[in-house]
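The structures considered in this document are given below.
The two complexes that follow have chain A in common; it is paired with chain B in the first and with chain C in the second.
Moving on, here comes the complex of A and B:
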């Protein structure tokens, strides 16, 4: 009888081994490239700074901020109108989405540019007004809604349509036999998107729009940590209580009521707008048809290649970091590990980290550690890792373990992770698009990614340069998304809960 | 006396794109005939019914299994869908928001007959399996067509109810083709039985010439499973 040789390290053809090789490859690539990243800590005493921030969180001062109710109302108003208009635009687009390649491309493009970059662009025309804020949310959300609604509509069960009598018109068929079948999924996605809009609306404060984020940023920047702590708690409270005040019947009234607070509306000068769109945004040599001049113009963009390189590197580091964080943290919130108090605490930490936008986390780390890629890396890894860990823990809770006698490490490695890993990796690759989007954005904090150059081009009124950089950012984002789609695990071992597929959770 | 033949298959193969489900089918459906369609599951009853439905077009009312319903909509709207093609898109849309008076009264009466009284406003998602099946029947009856085609319409309904419902269906439709798995009902409530097995039509015989044993030959393992007939 011939004995079968024991397989070598990571040799074999099972699904999980292939996934393990793929993820180790990702981490190895990240480690090889790590020396190229600037990870210096430049502040004098980061721990003392952290201590001051934490003490601010523990002793929040709610009364320090002026016109706080107004800021809260604006934050909600922007988020609500941005989502609402995005939905109204996105829904009809979703119906055409499967039929038009041009439309799909256009939606991918508007999605690929972060809300804050849209705000920077619109700011030049509409100033610091509600139009800028709402349009900055509406434009990318229309693209997102078009795509996600189209995906949901595609999954409409066929049976009710097949059962209809012959000759039913297209519209009647849609409202009776198709729309009701997917209505709950559409509305739950829309609610989720509104939650994202709340976060984005807060972030709009970072470019100067008077939302909660504006006060948050200045309080942090000026070291008024008790005030910053109070604003941060307020932000968490707003997100956590969404299900209380975000009621279906209440929202229309909030939307109408907020209209009175959103003004003053800007006077829009048509000629100026036209000049901006038709002249200012385009390189002068291109408008003149001077091709060699265009090349010259291009080569004068400072540090273009390093910026692209840094963006990609930070995106890679963020993805690998998220993977590690997710692997380490998901047991914190799972019923298979620890006891009730540890799980409560674990869940709390994960929810806090995933509710804090990357930009805000990065900003806090930046104040602590000084400007380098390190704060951005930490922020990306912690936020996305916590988000994935939370979803993986939810999947894990649906698994009934076979034998109860295993120690925790055995349960983790033998019972649970083999069943969860495919799903975890799929989530990670879904997030990759978001991570690269955020990476570019984090440049606005002074980290040398594309966002830094976009921000400074706008600051120097070099709109043509800013616009080209935005286009490059969008192209990069679309490219990374295609790459992640290619390597995303398709055959997932046995993840429970197919219905809460990450599709809905993708770009927030 | 000449009987109108509604549909005729002449040595035809029925199936999906590349996969033949029923080979060399020769069969005719006469007007005024109540036909029971029997055979093990997966043999092609649904395929045959779909082909009949296609040939008959507007003359046939169609009663699929319960998954043809729209669970989030109310019983009233699900039944109303039987006549969706007879109203304009605008009228249908308004009806979603505010039920039409005439349709409401008619559907209320129909549902009363089928034991669904008081449930008109309830979403189908909240009904039991048997109730859903009756909603599907109500929708087919509401279509008010000449021929009734049913794909196991009384599958999840108790025998007594099933008999009552078949009676109600046949009162309104002199011609019907109904797939069943209760063999006794095939003999007591139908004029003719079509028996399918192994992708072929095994028999096309008047019901009075058949016995339960004849019907058992359709099911490969009938002798081992449920030997006792349902109480008549």
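Moving on, here comes the complex of A and C:
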């Protein structure tokens, strides 16, 4: 007879114990590596600037921005066309997705490069035009749609197909027996992606495309806070009212109408395009076939290894931080806690936190805490943590509590969290890839991540260097995604509502 | 679908109308209401040049360089370094005019009072070492290139090994805000932006002040593409230059902001090009 051992605190093979071990492992890894991160607090007097910021947010000046309706229309137009074309490209790819490893690799690659970096690349050939903006959304979105649509199609119930008579063609089978079964999931995911596209479209303004972000970034950068405040409120309002104006019947008309605002379309200079693709993007020694020169070229890329280290470290810290923030914040928006006003306020706070561009959150923390990795860490954790908390609260609301006698803390710890935790962790691990991508953006704040050097390379017009750094970033993202997929909980405890949500909800 | 095609056709046909002369410009501070301000300049140029002139708003100098390279704009108001970048990418393009102030531009090093850096001497004070320092934008001539040059010149070391931290605020106004709040101890800022901020009372000089002024160097300039004569008529470049030199209306000039424009050519920017190459920002 085998000896029965009492399980230790975290030993045992139950699902939640395994999840707990993984989470604690993540946090422990983060703590072990924390000494390598620069987390000094150095500011002494941020209050005057923060006061100006707050007063700007409280006294927004909506009239300060010129051609505001145009910027709003372009923001929506880019988002809509980017999503639409991404969908049109992504859907056929989704059908081939399970069959082609090459295609899966290609999609992972285009997904792994942030929209802003696509925009910076495309900017060089299509200039500041709608082509740049829409393609910068369409390309990564096609990759995302291909993957998520494929995952949804995989879950198609078999029964209607089996019920069909012999000899029904492949196309008819697909259109009549398969597509209708997953239609609502496909469309709800597409709608969700459109919301992401709105955010991305605003971000495109940060590199100079004429969306809301163009004015928002200028105003914020130059300390015109009443204007920045107004634009930020306007952006929150656009996102919050999406269900009102983003109606299925209305969107085609908005799409057509926006077409008239998207021009002028650029004349594409074929020679320039060819030069960019065949010469500018590649290291000179490589084109000359000079291998030792290539090594020399590589060694001249400044601080490559520290940049990779910083990117991974910040990504890890952001992921662990998001976990903590999500655990703390989800009860704010759940029906199981507090009363109606506190929930409304909680939801409001979560929406504000997840909708505010990370770059701005990070800048506020930069003022308060001084230049180090800390502002970026906080910004990433709060933004992503709030986003996950929001979704977890929605899952929680579908749970009917068994015992009403428990106090709130008991409900949280014993009743709800055990049932939500698998879902929470799954969302977090999906999100890890996005967090790594976002570290690249915060590089623009001066933290020397890969993104910082990519931004510099574009600024110095060294496109070959930018391109290689982008490839390294993409490889890193793909690696992190593979790792996250490996440790992502697959067997999720009974979370109602889990199944009406397609897998890719998190990476926005 | 048919509708869509029709709409696309209309769009394409309107895009291919008569050739408009386009320019772009970014003021070194206050980038609000760009179109409103520069449309006036566009009207002025339209009167003088006899072709349609349009202003294209951009947000960063690297975006301006891309637009210039892509022929989306034929004339651009660049910073010193970005002008060199643009002229290297577009063969035969020429610097034709600069601001009166730009022949003798300067960078001010500013410091937060709590950082205990000595005040103004002939050189950058020795005890800036080990402080936190911020540049402006990465390709700004006055916020990055020249301050880095003088730092290396005086200390014989790159900024990274001299200061405890090196940041890129992205903008002169923001550099001032970050040094005033003590986020960074020291910053390098465009002297015109500093003077304007002090004159308007937007900066608290009890908290932050100038510790050193660099020697002068050439900065902002108008650069025009080399192919405009063949596209808009012989002598077009000279007409553009003359129109810029004749711009005396303060309402137009305050957009840049400059007192007026004086002639310039590519050779005036050779020092900037040399420094850019030396620092590895150009290759």
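Structural remarks
Heads up, the rule we're going with is that the second predicted complex is superposed on the first by the 472 of 508 C-alpha atoms of A that agree within 3 Å, B and C clash if a C-alpha of one lies under 4 Å from a C-alpha of the other, contacts with A are read in each partner's own complex, and residues count from 1 in each chain.
The rule is short, and it goes like this: a contact is a pair of C-beta atoms (placed from the backbone, for glycine too) under 8 Å apart; a residue touches a chain by one contact, two chains touch by 3 or more.
Since this is a predicted model, take the numbers as computed values, not measurements.
With the two structures aligned on chain A, chain B fits next to chain C without clashing. In the superposed model, A:214 lies in contact with chain C only, and not with chain B. Once the two complexes are overlaid on the shared chain, A:229 sits clear of chain B and of chain C alike. Of the two partner chains placed around the shared chain by superposition, chain C is the only one that A:269 touches, whereas chain B remains out of contact.
Once the two structures are overlaid, the count of chain A residues touched is higher for C than for its counterpart among chain B and chain C.
Chain centres taken from Cα atoms put the angle at chain A, between chain B and chain C, at 150 degrees to the nearest 10.
Using the contact criterion defined above for the overlaid structures, shared-chain residue A:77 touches neither chain B nor chain C, since it reaches no partner.
Once the two complexes are overlaid on the shared chain, A:66 sits against chain C while remaining clear of chain B.
For the three-chain overlay built from the shared chain A, the minimum Cα spacing from chain B to chain C equals 15 Å.
In the three-chain superposition model, chain A touches chain B and chain C at no common residue.
Put simply, chain C touches chain A in their complex at residues 3-4, 7-8, 11-12, 14-16, 29-36, 56-60, 62-63, 65-67, 69-72, 85, 89, 112, 114, 132, 134, 137-139, 165-171, 173-174, 177-178, 180-184, 204, 207, 281-283. In the complex of the two chains, the chain B residues touching chain A come out as 57-58, 62, 64, 67-73, 77, 81-85, 87-89, 92-93, 96, 139, 143. Here chain A touches chain B in the complex through residues 157, 159-160, 162-173, 175-177, 180-181, 183-184, going by the rule given at the top.
Per the touch definition, chain A reaches chain C in the complex via residues 42-46, 48-49, 64, 66-67, 123-129, 205, 207-208, 210, 214, 217-219, 221-224, 227, 256, 259-260, 262-267, 269, 272, 366-367, 370-372, 444, 446, 455-456, 458-462.
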